[in-house]
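Think of it as A, B, C and D in the order they're written, each chain with its own count starting at 1.
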Amino acid sequence: MSIHRSHILVCSGSNCTLRASVPVRMALRAAIADQGLDKEFKVIETGCFGLCQEGPIMVIYPEGIHYCGVQPDDIDEIVETHLKKGRVVNRLLYRGEAEQEVTLPSTPFYQRQHRVVLRNVGAVDPENIEESLARDGYQGLAKALDTMSPRDVVQTMLDSGLQGRGGAGFPAGRKWDFTLRASGEPKYVVCNADEGEPGTSKDRLILEGDPHAVIEGMAIAGYAVGASQGFIYIRGEYQLSLQRFRKAVEQAREYGLLGSDILGSGFSFNVEVRSGAGAYVCGEETALLNSLEGRRGEPRYKPPFPANEGLWGKPTLINNVETLANAAPILMHGAQWYRSLGSEDCPGTKVFTLSGDVANRGLIEVPMGITLREIVEDIGGGIPGGRQFKMAQIGGTSGGCIPAEHLDIPIDIPHLDDVGASLGSGALLIVDDSHCMVDLSKTFLHFFAHESCGQCTPCREGTMLMRKLVDGIAAGSGTRKDLELLERITATMRKASLCGLGQTAPTPVLTALRYFSDEYEAHIDSGRCISGACGVAVGGMKS
Amino acid sequence: MTDNAVVTINGTEVTVPEGTTILTAAELAGVQIPTLCNHPDQMIKAVCRVCVVEVEGARVFQPACSFPVWDGMNVRTNSPAVIEARKTVVEMLLSRHPQDCLQCERNLHCELQNVSKSVGVNERPFPEETRDLPIDDSSGAVVREADKCINCRRCVEACADVQGVGVLSTVNRGYDTVVSTAFNEPLEQVSCVLCGQCIQACPTGALREHNDIDRVWRALADPNKHVVVQTAPAVRVAIGEDLGLPVGTRATKLLTSALRQLGFDGVFDTDFTADLTIMEEGSELLQRLQEGGTLPMITSCSPGWIKYIEHYYPEQLDHLSTCKSPQQMFGALAKSYYAEKNQYNPDDIYVVSIMPCTAKKFEANRPEMAAEGIRDVDAVLTTRELAQMIDQAGLDFPNLKEEEYDSPLGISTGAAVIFGATGGVMEAALRTVYELVTEQELPALDFTSVRGLDGVKEASVLLPLPNGEDSLEVKVAAAHGLASARQIMEKVKNGEADYHFVEVMSCPGGCIGGGGQPRPSTTERREKRLQAIYDEDEAMTIRKSHENPAVKALYEEYLEKPLGERRHKLLHTHYVQRSRY
Amino acid sequence: MKSMQELEAIRQKAKKAMKVREGQENAIVVSVAMGTCGIAKGARDVMMALVDETAKRGLDSVVITQSGCAGFCEKEPMAKVHMPGQPEINYGYLDANRARDIVARHLVHGEIVHDYVVQLPGGEDRA
Amino acid sequence: MIMLCSCREVKIVREDVKEAVQRCGREKHQLLEILGQLQKGTNFLERDTLVAVAEELDLPLAEVYGTATFYSLYSTKPRGRYVVRVCESAPCHIDGAADILAAVKAHLGVAVDETTDNSQFTLETTSCLGVCSVGPAMMINDEVYGNLTPDRAVEILQSYN
């Protein structure tokens, strides 16, 4: 193993990739090779640094200097000035600030975060297992195998109070407990990486940035519940995640961290990587199981729950990527440590994808209980373009719309519930006052009408009926009676749909009607829209 | 394990085993909960959401059909919110369901109609739309009208799981979700066996038989046609269900009376050719046993089964008996033996079959089923279609004067009537083969081991040979439902089947559960129809096919020696290889 | 890998390779002046010798970094060593061998290698 | 090179399918993987392909078709050499996805779910590409592009010609 005096980390998360990080990396490698510096400088492709809006991002160690928005043209200057002469290229620093005044990690964007799940994302080369090992990768698994019984592991998860990070927020430890206690062989562990919630890309960036954290979490789960086979179901659109994860699994196998008799403990565990094929509903755990079985990804009625009858009818633990990535830190540092993070009702941290009308967009991890205002104003850097905050949609397209009056609510499960929203999978879409709620509702409903699995009546018919009604309102042909019909449909969908998709699909429209009913009424009564997006007359409304 | 749970349903306590569904518990408490996707013989689907109820403590409503009770559970099936949700669900379905109930085949027999009434739908509040999907009448037997599909998936289960055919599947996603064939191809182009079990499963008018009623009325009205009718064994024990009689009523003599009143010139019985089939098939079996023909020999009376083996096991067609089905034998004889005997021009004879079956319509249309350009059978009606005609004619079916079949094609035995039940052909054949081989009288007529609703029934019969020393062991099996047939065929294909003779019936329960029978053909109803069939057998004076005097006369008067050319031409057929995809 | 011990060994080895990225609070920082002048006079060799020697000796708490030109071009190649809680020591006129010497004596044993120390005007240089 | 393969011989299809089945396994749960691999060359699943898959896996064709039509990454109708998927999710919508879609439609001269006359491009919309921080986004085959403007979207499309 060769030692380099400096490591240059270039983000290769998808967001930076599609902002041209690949040519940047190639130019950097070429320049270093040309100048014969390859023994001194090591270029590492790493996961997402979070600040996707500023990408491509490059970090040079040991100085820890972050450069933002690096383009291939900038490489020569970086090599000449920084690498060879040790001087910082000020103009590429975050927002062009001089180094002395602000380095990226000292900005509120990073200062307000607390990285547990993202501990290694942006810090390691995800394609090199040794980098993970150096940063305590697989130490949680080692500890479990070495010193804990499966029951101990489950108890620690129960004590930690970790709630599922995929959307429903069910206590993770209880799922582990149910699966451990379920009778039936074999048992399976399934990682739900079918992240399809619009506005969410956290799971993708975890998979791309630190796949070993997820593999380790799956192996710990397998040990805890008595499973020796794991499956990870990754969204078909996430080609890079699939590729990285497959590689990581191979490496883990090579290093004996997957396979039989792991670390001489007698515990065996394997992971099979599966690709989805474009169906939002497969994020619903039983739909995912059907899809894994090679069927249409339609949710199953419950009970029975997967813990008792899951994959091929066998006891199955199914957890989200972020949930599993929390397992190793919890085992290493203990349930009490985890509980000390976050809020009383919701321990720990939460990863959010910040998007929409906010200055800093990207991937963040914050303690539960942080207020929406802190996220928007401090981490997000406020609303750009002199606009006003209108609402935040939290939890993705099935999440509620939170208006400005609730900016100070703490972000955790019970507080969001109070305002009709839910934590969901961690999407945070910030919308400024230039947008029309009817137009946005239309977008939400087009999404659900496209993604409903079509199995149960309320969701199959309801999403399309809602879509038709809201399309009509947006087009200026709606009536007050349509609002009543919308209420009837939403009430039935929420109560009578088979799965969470149908039960939550009406949420954004319900909260939009609750907080922005004046906009709906303006469309209906006077054919006006604040944004003009709806194709009716512009203007004329108080919001 | 089965601890009892005390459940409160709308304030009434009921004690049931834990794990019972709310639906069942409610029934015991005297509370009816409407359902659509639920079918008593099928797996729980919980997709229509019509049966949702309020369970105390649950965040959302739960479907009564799938949700298990626990001790102390408190259920409300009639809260205003539940009533509103149910009604909304049905209104949603109706927002794009064709509003042609008055013209629909299911009018007054439609589950959607019933549910819609029971949940209190009285308007169509939501934006309306029609899907305008094509009506598929390509097969001439089973018609699909997808616009009327409510996505309950009962037909999919019937096709894929009960029959192991699987030409129907849920396709597309979301609002476009509908039950269809691969690439939406017409049924004629896919490997559908036209058994009609999907029709039995369907709660609406989305699946029905091809309607031949008007053709039959036209033939009856044609003064130049001599219209004869044959009734299949299973029709007599089911037709009453559609005409105001209790399930399991033996309505044979009312049936003949009704047919005569409809204007048929000869009212005959497929049972006659069922006896003939036993004679032919019995000799074929003995011939195969003696001369080393392909074994096991498999029955060929069920046209859905024939189409199934042609599509799915085309390389195994040699196992089939070459006998035509009783329906086709009847048609062939009506236009030859009967015509000759009564000096009719075969062209002027019009043969109508009343069948419990939709595949019989396909069978009658097969190119093999004609002699010198004259079709054996001209029109096939299902039991349901006949009931419709009797309604049209205004006959008071239950109170008709009882009448007998005409001679000679109406004379039959108990062995023939059990053709309508699974295992019946086998039992009838054994009664005859035993006596023909052993030259002794059969000690007990009932072969109960091949009776009943197990999917595959096996038996072994020892036939003492006339020399008094040796005996012949005949191993037999009977399967009903094509998924069961597939089990046997996999054994046959892999050379693991040591049977000599196998009976296969396409439909669960045999013909009494046929796709053309009154709906619904639930297990409960099938059991009653089976009982009626066996009662009918016991009530017959002659119960063995080889003792049927009319059949004996037919051989003496008309058919030549065994395997003679006329016999071959009229009573035997061949099969074609078809593709599975 | 088949045991906890092996895992630990690999982890320790990997940590060394990653050390450059660790922000260590109590680390010894060796900073090589990498201005044009320094490089022209062989600062790269010095840098690589320092990196190599510290790695060989498994000095986990040493960070080797670079700085710009200190403005004393005639004394190049230069490097300064900052041990926690002590004043910075500036070395000049270095080459690879002297660099290794510094590692062996100063970094390992805390002994200032007076032969190579250069005094800078004002004493407290902030290069 | 036009990749519409309705003219390909059934024999070739069968070999592709056999190979995919060999790689993935014959169990039903491999169906999605197999379909995914088989679609790579042509961007859609032709009837012969599904027939061969059904045969290899001993499944009813309708079930294979029903499964394929459930997932939006699969198509049973011919598609162009490049499938352009413009994201229509709320985050991209906020960022102006409607303008991107309009520009792409105008440039390609097709509506959503249509294929250009030269069989090069099929335009689709997608519910989310998971790159919400850098919207509006589109995906061309497996490649994702973010931070689009209408001009940049057209520029990217031109690079595929």
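As a working rule, a residue touches a chain if its C-beta (ideal position, glycine included) is under 8 Å from a C-beta of that chain, and two chains touch if they have at least 3 such contacts.
Please read all numbers here as calculations on a predicted model, not as lab measurements.
Legend note: the chain whose CA centroid lies nearest the centroid of all displayed protein CA atoms is D. Per-pair tallies of C-beta contacts place A-D first. For this pair, chain C with chain D, the centres built from the Cα atoms lie 55 Å apart.
With centres set at the average Cα position, the gap from chain A to chain B is 54 Å.
We define each chain's centre as the mean of its Cα atoms; on that basis chain A and chain C are separated by 41 Å. Chain B and chain D have CA centres that are 43 Å apart. Shared interface positions of chain A, defined as residues touching 2 or more other chains, are 279, 296, 450-451, 453. For chain C, the set of residues that touch two or more other chains is empty. Residue positions of chain B with contacts to 2 or more other chains are 170, 172-173. Because contacts link the chains in a way that matches no line, ring, star or complete pattern, their graph is best described as other. Of all possible chain pairs, those that touch are A-B, A-C, A-D, B-D.
Every residue of chain B that touches chain A in the complex is listed here, in rising order: 44-50, 52, 60-61, 63, 66-68, 81, 84-86, 88-89, 92-93, 95-96, 125-127, 150-151, 170, 172-177. For chain C in complex with chain A, the residues that touch the partner chain are 1-4, 7, 10-11, 13-18, 20-21, 23, 33-36, 39, 44, 47-48, 50-52, 55, 63-69. Remark: chain A residues 14-15, 17-19, 52-53, 55, 195-201, 204, 235-239, 274-280, 291-298, 353-357, 361-363, 393, 397, 427, 429, 431, 435, 440, 443-444, 446-447, 450-451, 453, 533 touch chain D in the complex.
By the touch rule above, chain A contacts chain C in their complex via residues 1, 3-7, 9, 39-40, 61-64, 84-87, 123-124, 130-131, 133-136, 138-139, 142, 145-146, 255-257, 261, 263-264. Interface residues of chain D facing chain B in the complex, by the touch rule stated above, are 47, 50-51, 54-55, 59-66, 69-72, 76.
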